[in-house]
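What follows is subunit A paired twice: with subunit B in the first complex and subunit C in the second.
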Partner chain A sequence: MTAIAIGRLLRANTTGCVMGCRLSQTTTPAFGEMVRIPLDDGTKIYGLVHEIFIDDDGLVRQLVSSEVSSEVIEDNRQNRNVPIEISVVFVGWENASGQVFHTRIPTPPLALDEIFRCDGREIQHFTSGNRPGYLRALLRNEEIPAVDLVTAHLKQVLSVSNAADAAEWRDQFLNEIIALLKDDYPQLMDILTAISTVIE
Partner chain B sequence: MPVNYLHLKDQIIRMGEQARVQESGLSVLLQRFSSLLDERASDLIALQQIVDEALSRNNNLRCAVPVSEPLNAHIPVSLPAPACQILSADGSQINPDPHDTVLYGLINIGIFHIEPGSGRIPAEHVRSSLIFGDDLYPADGTISEDLIALRRDVLERQALAELSAGLPSPVITLTDGPLELYHEPRQDQVFRPYFNQYLHALEDLAFQGTITAGYVSRPRADLVVQLLSLIHQEQSIKEDQSDIHGLTDLALFASRLAPGERSAIFRLQSRGSADYTNRKMLHFFYLNVGFDHLPAFARVEIPQWVVENPSQVQALQAVLVEQASFGGSAPYPYPLIRAHEIAVVKMDDRQQVTTLIEKELLRQGFSPSRQSEKQVHKNYSGRKRLIR
Partner chain C sequence: MNPQESRFNLNISDPENSVIGYVIGGGLKANLFVRLTVPAYEVQEGGFVVLESGNWQFYGLVTDLQLGALDPRYAEMQNAGRLSDSITRRLTSQTLYTNLEVLPALMLERGPEPGTAEYERWRKSLLQEPHPIPIKTVPAHHAAVRLASAGDVAEIFGNPQEKGKFEIGRTREQDHPVCIDLDKFVQRSSGIFGATGTGKSFLTRILLAGLIQHNAASVLILDMHNEYGFDDTASDTGKSVVGLRSKFPGRVRVVGLGRETKIRNHTPDFHLEIHESDIQPEDIELLTRELNLRETTPTTLDALVHHFGPQNWFREFRQMVVGSVVETDDGKKTPAPDSVAFWAKQAGVNETAAEGLRSKLTRVFNRKYILPDEEKAPLNSLREIIELLRNGKDVVLSFGDFESDLDYLLVSNLLTRKIREAWEEMTNNFRGKGEKEPRPLVIAVEEAHKILNREMASQTTFSTIAREMRKYYVTLLIIDQRPSQISDEVMSQLGTRVSGWLGDENDIAAVLSGLAGRDALRGMLARLQPKEEVLLLGWGVPMPILVRSRRYDEVFWQQLLGKDDRLTDDQAMKDLGY
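Presenting the complex of A and B:
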């Protein structure tokens, strides 16, 4: 089945991007979800959703204070130019041969490039075979809610892996976090506490 | 300094003082006219005769004419509004600017289609027409802003007639502003063909049985006041006409119309309205689309074919009240808000259209053009303080 793009790129650099997509509760990716941006040369850029921003305007402000019909709600969601802006932090990329790198991407994607949600197979492909090297960039990035983001990402990866793979990957993941934060005890405790809520 | 505030200060104080004096004079007059409205509320035939006689003396007479409901009627709304199709239209335009790089005009029509209660996603339509070539010079000189406005009104009405043709009834078409395009007929012959097209579009809507209305928000009209002033004259109470200036129909009806209620329907008597013959004859009523703590009044113009069908008037009243309630703290029909939003041409759009035309002219071998010297200097940003 052909994947359907959830949005298109508004602006980007080599750290992350902002994409715009139509307002829909069924297609909007969740916080922490992994997305991919395929480029023309066969490269795929992978990222995690770290912020979802819904803009308003004068009319929407008026409408919230009144009882509106379902047609008016749909009109504002589907017709009016009030897109959701979704911020994505890049976690790595894949070259045309299918080799995955957990490093900063070589070049940013271009405006209006399409963005897709990652399915379970793609998430496994990105996370398997390597230690999660992208955690370093996430935990060092002060402009994103790293603790919550890493926790949400862990939850998604565990949900798409089989039990044996999940246990192995979880241990690798936790070891990497402990290694990266060994000199930052408050943040380490913070993230381990958050992670404990998603690990049985 | 853009404005001499020192010069304005005394004038603003005088303006406030004058407003207070005028307000006290108008409140006395309002009380008198309000009593008159109640006293002669059911005297419809006599009032029609008074208007006819006044019209024989003054063919420029512009006033309300009672039809069949008492003058002080206040008819409640029947909610919920019936299932219907609503088409609203609005237009905006770019007037030709001789100082810009290229001379052209543009009319943009936005149409919004909503089916209340259907759960369907409303539809938007945009129609854009460029004015160029011979159309820029319909008579002596460049096309006037008035003529462009007329062509915009014609296109709005034609679009409504065309789109409503395929829809199941009842269909309600709404436009912002009155159905009567001019208070005074335009003498210039260049207006006539377009005005006839407007009348033809109205006839199409009449043929389809479309509930057609023009919505005037916060009206300043004094049509009923003028009717009552005729009674004054009839009663030989010589009222100085200048005294009633500033007294509006809204002042008369504001305290009479509860939320959702409409006034009686009146026929519009004016020189301009004479062109709207037979089923197109123009009528109006006042309507409170607001809430208990937040009244919001409108004057709604409707043609004869709607007046003839009380169920259509009832449906229109309900739809306007219901749709205006979506406006929250500023009650105003939602379809008109959206039609305006769709139609409006912003500065960025104008720049984009200009650029496209410039590129095409270059492609056709024309030399690059530039803005007039005056425009170049007007584009400079204002003086700024040097930041140290």
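Presenting the complex of A and C:
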């Protein structure tokens, strides 16, 4: 089955990117969801959605204050000129040989590159075999809501893993978080409290 | 699953050879610090641990366990309601920890991995087989730490199957036998200490039984409380306690002080009676505190010896009368010829001082075991004791009903003085004339502080023995509950020290005096289990170690003497020389 792109890249650096996509309740990725950007050389860049921004324009402002039919509302939602902006923080990459790295990406993707949601197999591939080394980049990044993002990501990974793998990965994940944040008591307790609501 | 395990998610270690932690810091002076990776209850103070670092193996003693936290808030906050169980468990295991403080004692070169070419090269380069040496360096950071295995304990303390290695107890955690080297033990004076009720007497019996069985030295036991010779009943449990005479009938002789003395309703092998001529001024001077003698005493005694000779002074003085007068022709009263004053005037000694001394010595003169020379017994029991000891027998001198300090001080010092003279003569003959080498002798002294306290130590033969008789084959085994009362000079000479629980700070300091790492060992002594645990220290043991002491029971005797735990009649007769 051929995957359908959810959007195209607007701007990027080696830390993250912003993509634009059409408004749709079904195709828009959720906060914390893992996405991938395949490059021409076979490299795949993986990231997590950490912000979804819906901008307004003059027409929307007019419609908000007018009495219009539901058909007009729906038409303006689906056919807007202003895209939804989705911010992604990169968590690692995969080379053409399929080897996964939980490090900063070598080069940023180019504008208008396509972005795809990751399916369960891809998530398992990215998260298996290594300890979750990308947590370091997430937890040290002060520009993203790390606590909620990590919790949402954990929830997604657990939902696509079988029970045995999930338990092992969860333990590694918790160990890594505690190891990274053990000297920051408030931050660690925040994140562990949030995670507690997910894994119990 | 053990609750502790589930809560802290720590590895329950395999009791043999599994790692319990890793070195995180420390030094030779400040001890080593080890991060524990197993639950704290698996390791106890006093545990014998091995640290493996490169080609070296280090041996040490756990002297403290400390709880720690990366941030105090992790320890202060209980997260059970806030976090899930699995998260709480993981958080606890990574943020809360236990550190061990290890007193390093010995190190042993073990070389590269056996079977490798490096190992073979290393073996060939050795001039002698590696053996444990006092610690000179420290293991590296993250060196693995494990509890000592039976092999490690045997490497350091010897194997109980080896001749001369006597199992005195077992390691507390893993129950490995800990031995002392009896041949080394008898080379220097030693001490057994512990507060009352901590099992000193049982431990002493165990050690004495080992010494007698090993037969490397004769043993003289000054048994003030009649405990060691014949079977006794334990004061706390009411159970029967086997005496050394019962188990070594061919080797041990029980000597009772005084004629017709019975020991625990048994008739001793013979009685010790002292002749007047045996008593010398130094035996009296030793009683200065006991008899409240004055500083004029040495002068008076000196005059007595000068006047009557060393053999007769005591008898003559005993026969003198205080205050006896005769009336002269002119009606004047003058000292009678049998009076103390008469002699004092003749000898130029202060009459009052002489009369005072005579009065105070009445307690000595009245001892029933001091016989007038004309009542000499057919057996010279003092000489007999020395002959027995010289010929490889062991003697328990029981004081019977003469349990006062006066009796103990007088008799034990007198006997020891005679022994000292005999052994010095034997040693000089051995060295100068090539005669037979003297048999080593261990004198076990109960209530040692009575004769080895600071005030009296310089006057008694015992302190001389502790200081210098090692060269003459005589050493002491001091048994006491107040080591702080014993002279520092004597304590400093003790080779092996075996100590049970001590409560008094001064006593603990005395037992540890002169030893490396005494600060670390101090708390350990105060926290020993009464009646069960002892700390082995000093020159006679390779390193300090805490052991659960052996029980003095039938099992002990069976292990020591074999299935038939009493020496056979044939063996007994052989021991007697028939």
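FYI, the second predicted complex is superposed on the first by the 198 of 200 C-alpha atoms of A that agree within 3 Å, B and C clash if a C-alpha of one lies under 4 Å from a C-alpha of the other, contacts with A are read in each partner's own complex, and residues count from 1 in each chain.
Please note the rule applied: contacts are C-beta pairs under 8 Å (C-beta built on N, C-alpha and C of every residue); 3 or more make two chains touch, one makes a residue touch a chain.
Every value quoted in this text rests on a predicted model; they were computed, and no experiment measured them.
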{"item": "Clash or fit, subunit B versus subunit C on superposed subunit A", "value": "fit"}
{"item": "Partner chain(s) touched by A:166 [first = subunit B, second = subunit C, both, neither]", "value": "neither"}
{"item": "Touched partner set for A:70, first subunit B, second subunit C, both or neither", "value": "first"}
{"item": "Touched partner set for A:194, first subunit B, second subunit C, both or neither", "value": "neither"}
{"item": "Contacts of A:179 with subunit B and subunit C, given as first, second, both or neither", "value": "second"}
{"item": "Distance of closest approach, subunit C and subunit B, by C-alpha atoms in Å", "value": "49"}
{"item": "Touching both subunit B and subunit C, residues of subunit A", "value": "none"}
{"item": "Subunit C contact footprint on subunit A (complex, rising order)", "value": "170-171, 174-175, 178-179, 182-183, 185, 188-189, 192-193, 195-196, 199-200"}
{"item": "List of subunit C residues in touch with subunit A within their complex", "value": "70-71, 73-74, 77, 79, 82-84, 86-87, 90-91, 94-95"}
{"item": "Subunit B-facing residues of subunit A, complex", "value": "59, 61-72, 74-75, 78-80"}
{"item": "Residues on subunit B engaged by subunit A in the complex (per definition of touch)", "value": "114-124, 325-330, 334, 337-338, 341"}
